[in-house]
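First chain A sits with chain B, and in the next complex the same chain sits with chain C.
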Partner chain A sequence: MAQPALKDTRVEEFEKKQEWWWAAEKRRSGRLDYLRKAIWKKGAIGGLYAPGVKTDLEQAVLTTNMAKALEGSPDPYVVKSAKLFAHILDNKTIFITDHAQLVGYTGSLPNTMNWNPSIASILNSEVFNDPISIPEPVDKNQAVIQEIVDYWAGKTDLDKMMPVFDMDDLMKMLSGSIGWGVPLARGGYSNKDYEYIMTGKRGFQDIIDELDKKMDEIDDAVHEPTANKEIAMMYDRLNNWEAMRIALEAGIRIAKRYARLARIMAENFEEDPKRKEELLKIAAACEQVPAHPPRNLQESFQYDIFIQMMSRTEAIEGAWPCRPDYYHGPYYDKDVHIDKTLTKEEALDLVGEFLIRAAEVCQFKPKWAREGLQGIDGTWVWTMGGVDEKGKDACNDLTIAFMQAARLVRVANPTFAFRWHPQVKDEVMREVFECIRHGLGYPSIRNDPILVSNAMHWHGHPIEEARLWVHQACMSPNPTTKHGYQPMRMANATANCAKIIEYVFTSGFDPVVNMQVGAETPDVSTFKNFEAFFDAWVLQMRTIFSILVRSVNRARLLAPTMTPRPFLSGLSERCIESGQDTCDPSIARGNAWITAFTWVENADSLAAVKKLVFDEGKYSLAELKDALAKNWNGYEDMRLDFVKNAPKWGNDDDDVDRIMLRCLDACAKFSKELKCPCGNNWPILPENVSGNIHYANIVGALPNGRRLGDALYDGGISPGPGLDKKGPTAVLKSCGKIDHVTQGRAFLLNQRLSPTQLAGEKGFQLWKAYMRTWADLGLDHVQFNMVDDATLRSAQKDPEKYQEVIVRVAGYSAHFVDISRKTQDNIIQRTVQGLG
Partner chain B sequence: MMKCIACGNECPLEEFRYLYNARIDAPISIRQCTKCEAWIAVDELKGVALQQIGPGEAPWGKSAGIEGLAE
Partner chain C sequence: MTTCQECKNFFPLEEDPNRGDCVQRVKDPRQAYYQAKPVNAEDDASACASFQKKQQ
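Our next item is the complex of A and B:
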């Protein structure tokens, strides 16, 4: 199956015309071509799921029936949670896709999105109200959904937690004006203790054996002739361990169901001897993992998929933190180079299929999440390259294989983020560049030395652990170590930062949601100088960040008892050792961050106010307040003045760059005052996903010249689209003035480059020179779009012909036709930078 | 008063639904006629409808066709 799908002489022609998607189709193997075309497009198009993609009612029904059955059970809550999880795995429908070598999916059918009704009633209501996604027959299934929604009303994680939150904070957060997401341990981004489970030392059965030993020891200890507080607390540990064991045993059982299915298909239904052999290999793999450590590359990938599938049964996962070249690399080396059981082409097929299996994963998400992550289900940003714990280059042959496979299967999710460091070989950089040049929009490039230092600065991770980091979501590094990994990043510490400057003009009153959200700072027209104005900005920033962080801190403290995660805990050395839930802050170092959406508008707005109001006295604050309240209507001349005659970030202009640094300093100072329950800091991380579009109708007019309705800047520290007029070096110089270690956790930078200019070897050399400047200036991130305007315009006009064109949106990539018209236009608006 | 290029509907500029800007640094915005729902490029300074916007037909961006309108 590792032969090209079609020997087609047109491949070179397609590549010459940079129609990479057609070339990939011809170059990939028949198996990859089949598998790539067999998956359903799960990312929401704009904000709506595609026709044919349906909500999976099976998990919802299984969960509800089991929850009812457990109502009268005396089991502790954590054990009930584990039994619920096990019931789903034991009873869900499983399938094996034709030609596949890897198995496991979150739903019961390939076109379904799983729905966990136990997490949030607001999610359940969206399932009910999304008729496009309700499976046929709609009337009958709507009644089933109604019954499930009714049962869970008041019983979901969020419903139970709301009364024990600060209601004032919660209402402001749920208004949707300043935050994004909800503070839940079963809804966000879970990192994992990969050093414990992915280094080939143990499988689930080994962990269960360890748990049994622990439970026996404690059982003996609690029956000694003594009594004290420690013994009293041991019963909670026993309950947690018992729950972990139930969850892990269920994980082994479902793998064995897949093994049985593969064997039955091979022995009773398959006539092709080659496919029969493949099915028996699948059976052998599923008998081995996750019970025991993998023995080869196929089993290693299978182990990873099972873990992700199970994690997504326990929770709604918005990300897929991992480092596949690092953890699966030794198996590639063994199979391809040592044992020679796989040819490079066969290995490439497996790698491509691993990407495809990940691309099809989907869980039903609320509309605000779909709008903020248009075109994808979540941010599967896979970490590649980097260094090992000793600081040595960790790139390997699998790093290269992943880059090559990505160009063949061209999925928009997962994407890669490459940890660049000075030891990376030219051969690897070339592969990275080819992915970018082929218009994938990934890998994004991360500056490893800077980010390792950053992890030590902000969260005190020891250097050996800091070096073992993965992206927990789009951008934020998090070690995969015993005390370093963060079990859940609750997405609601995501600040819509443009509201900071907006609230300075409204004294904290939000005209969109019609409530007081920010601080009641004095009427803006009373400020006599820029310092007073800036002080109000700082107070609004501190107020917004505090509201969001307080909710997460509260949820994190409550999580171990109210929303435990026995499966995730069972994969964690610190939980196996301590008998505590993975979210328990007492056993973690802490790795929190505030995602700063819509950030750069603040610097541009403050700079415009400083110049045109305070320095030149051209306008009064009262006048500006009136213009903004009227959405600049009737003030077009003045609006243009604020855009064109005020300095803009990204042009190496000290007047505005100094303001940016001042804002970041204020945030960095406050980040050390804010503490997570682990006792660690809350640095900010400017980036956007497609929040710049989601918030376009939520953020009012601003002094940078935008109106309510306009897309916000595309995020992180990227200059406003079309406002970076002095070339790519000026952008890098502005961004290089930021201290990427001490002023925040990470800073996203989008750049558009010309595919024509970067063609061939000369293009690679130009890009390398650009990257050298980037590294010398100490930036921590950059990502590229390399698709020209003409192609994007043609795709707008004739989307059917351009289904496979991929673009970088913000911290992720998406198929261009799957994002809204407004997002498409926003990408076209970005400046194409010429290098050299 | 502004006249819709597509259907001839005439009403004050503000009554054409504001969608978003074509470029932040130009007086060109995209508005929608509330009568025929056509997307229209509008000169915000003059209050004049410039052209109808279809998918990919009247693109914008640094090197796009609307550049001529914006400058």
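Our next item is the complex of A and C:
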């Protein structure tokens, strides 16, 4: 039976003062308290990793040694890739933490960050040059790193891909001015075919048996007395299947290594009979999964952790698409309600530990990624709630348990996104609300009926599949089905959209990177009317989006042969069936999207130009061009005019809202012209993570009054901080003018609410009324910060005392003390909306 | 030469006693755990700081 960490009468006092983090510490079990405090915080602070967190050289050395050993091997590349993967799993150091019931980690030790040197030399160079994370002794290990970096130069995925990209596009993309990320199949956000592997029907051994059968059949077929193109192609299928089998077998073996360690601990070291029993249970779980389907909740969680750990051995994963209440819920029900083998408290311990296991995951990331995702390693946005394939409410007792566990362990990553629909029970909504009220910043709320329709509209997913969607990264829905799941969302189709309006004034020349990036539109001062100005905006938008999308399309086409993923393929029904790699576009429906960072600046800037230049004629375009080129220096009165007297998005003001809709219409039209290699569309998805801070020094002065260096808006369709002056309903009304099905893939909305106003039952009712308006207006997303200014300012002054305060940054949450001062200020500047 | 199999941290595999795990107790600043690293029975342990002679 789980025991609270400490009986403490001060719990209520902490709750009254809304010091939820102290209350949680007192309320959680001793086990959860130990494991929560055992986490090495891996999210970067100010772009740098925390002291004590070290790059894991073990995997890098294992990978490099095996790659050298395979150099003379006649194996096809995909088989070599699988053997590399297997070699790591067979030889890495593993560990089991005291009190843990779940095992498995990406690195070799708890304080390490996994480093895969086979993916990108630009990443390897950053490992070498990192001032903090090289393990002791630094000199010796720097020499080891140097050797690894030298070996992989010219051999990594990105090194091999670069010569086959359009070099012009590549230079523009890698300049860092318009895009974010690189087009790689082993670096981005992998969704998975959870309907195939996570529904209790099969484990890895069952898939291996299926593969053996397939290979036997093909082996017979290729030796029939005939010859044709189909037979010639079958050899590639055999190679892929063989690689999948190697990867899955390695997955079973490493689980058995954990089982063995648990048994060794139980039989040789552990004296506490209760812990001994737990260790033997861990051993039994790791002997069962992933080889065979799980039998209970612990094994179901363990199965999931193994899959995630292995996927992160094969690739750098920036996200964690999943739906844990849906896929693990039946095991919770069986253990807690039917078999009664777990009490609710014991189950809560397992759920809390499952969150902790995810919170500690880390892979070494380049600095631009760390700056864009301040305080976290990646956007682990876990999907909760929603409906089943028939459209019935899928919320269950595990949904509630996840909400309760989140309030106990208070990790900033993973976070939850809750699929709201009209059938959701009040009891579940209350649990969701309590998480928000406790200042976690999550769950974000997603409008399920809207997003199911959206998935059908943009990507043609059939309704039964569309209903099974998860967040592929922060925001974008993607079904977990055979043809619907997208194996890799390559992050570089992430547009720094403020450049669209900036380039209208520079004719596409980027003064920051000193190169022609955008379209060479005519000198802005020659435009005689707003229509000509807007046409230039559209051309810049089309140019930027095309550069980014072309690179992804090219990478996706080349991925099956140049950067195969045998492990991920081995979890996919379509790959097992066809013998093709998971990224092969011919067997996928497609679910691409363009993330639109720094989006709203366009609407506010266009509205300002329309009003002050064309409608009122107060300024000429030549004058504005000069002011922007000079970063408004010498034009302060004019700048203030553009800030104060131009309409701003988020105030239910049709003058600017119409422009927003016009921009979105232009994008939506172009989204259907852009096609991915699966033949599907490229809708846009406005959101920001912390790109608004990352791009502050990259985006020049803008007509909304912003200066170079100022933080950009916090993103999606959120109004500029402090610029939404007409209350929460006006914000919702502006956002509700957008068609959230047909004008884009999803739209992020940040809102700040007052924790004092929303206290207690009255607060819940107020919030529910707000959410009803949100749903009625057809918005697809909203997320809340509910920490007051006083607490945040105190945390700035005395960060040591406020280590556990969590805030919603953008599509993710982070500990307030782990984000930059500029981001902190940006969050404080957001308007606190009074409801009612 | 001192080898891994002479160490009390060495746990041979049942199916292949020439291979096994070096199992050690570790306490870092945040947590305590047991770690296991695959080794060969005949690996040189003469420079190993964790070597502890197995009791006969």
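Keep in mind that, in the parts below, the second predicted complex is superposed on the first by the 835 of 836 C-alpha atoms of A that agree within 3 Å, B and C clash if a C-alpha of one lies under 4 Å from a C-alpha of the other, contacts with A are read in each partner's own complex, and residues count from 1 in each chain.
In the analysis below, a residue touches a chain if its C-beta (ideal position, glycine included) is under 8 Å from a C-beta of that chain, and two chains touch if they have at least 3 such contacts.
Note that this is a predicted model, so its numbers are computed, not measured.
Once chain A of one complex is fitted onto chain A of the other, the partner contacts of A:789 are limited to chain B, with no touch recorded for chain C. In the overlay built on the shared chain, the residue A:710 is in contact with chain B alone; chain C does not reach it.
Once the two complexes are overlaid on the shared chain, A:261 sits against chain C while remaining clear of chain B. Looking at the shared chain after the overlay, A:93 reaches chain C, while chain B stays out of its contact range.
Legend: residue contacts after superposition of the two complexes on their common chain; A:269 is shown touching chain C, with no touch to chain B. Looking at the shared chain after the overlay, A:110 reaches chain C, while chain B stays out of its contact range.
Put simply, chain A touches chain B in their complex at residues 631, 633, 636-637, 640, 643-644, 696, 704-711, 720-723, 789, 793-799, 821-822, 825, 828-832.
Chain C contributes residues 11, 21, 23, 25-26, 28-38 to its touches with chain A in the complex. Contact residues on chain A toward chain C in their complex (touch as defined above): 34, 37-40, 52, 90-91, 93-98, 109-111, 257, 260-261, 264-265, 268-269. Looking at the complex, you find that chain B touches chain A at residues 14, 18-21, 23-25, 27, 29, 44-45, 54-57, 59-64.
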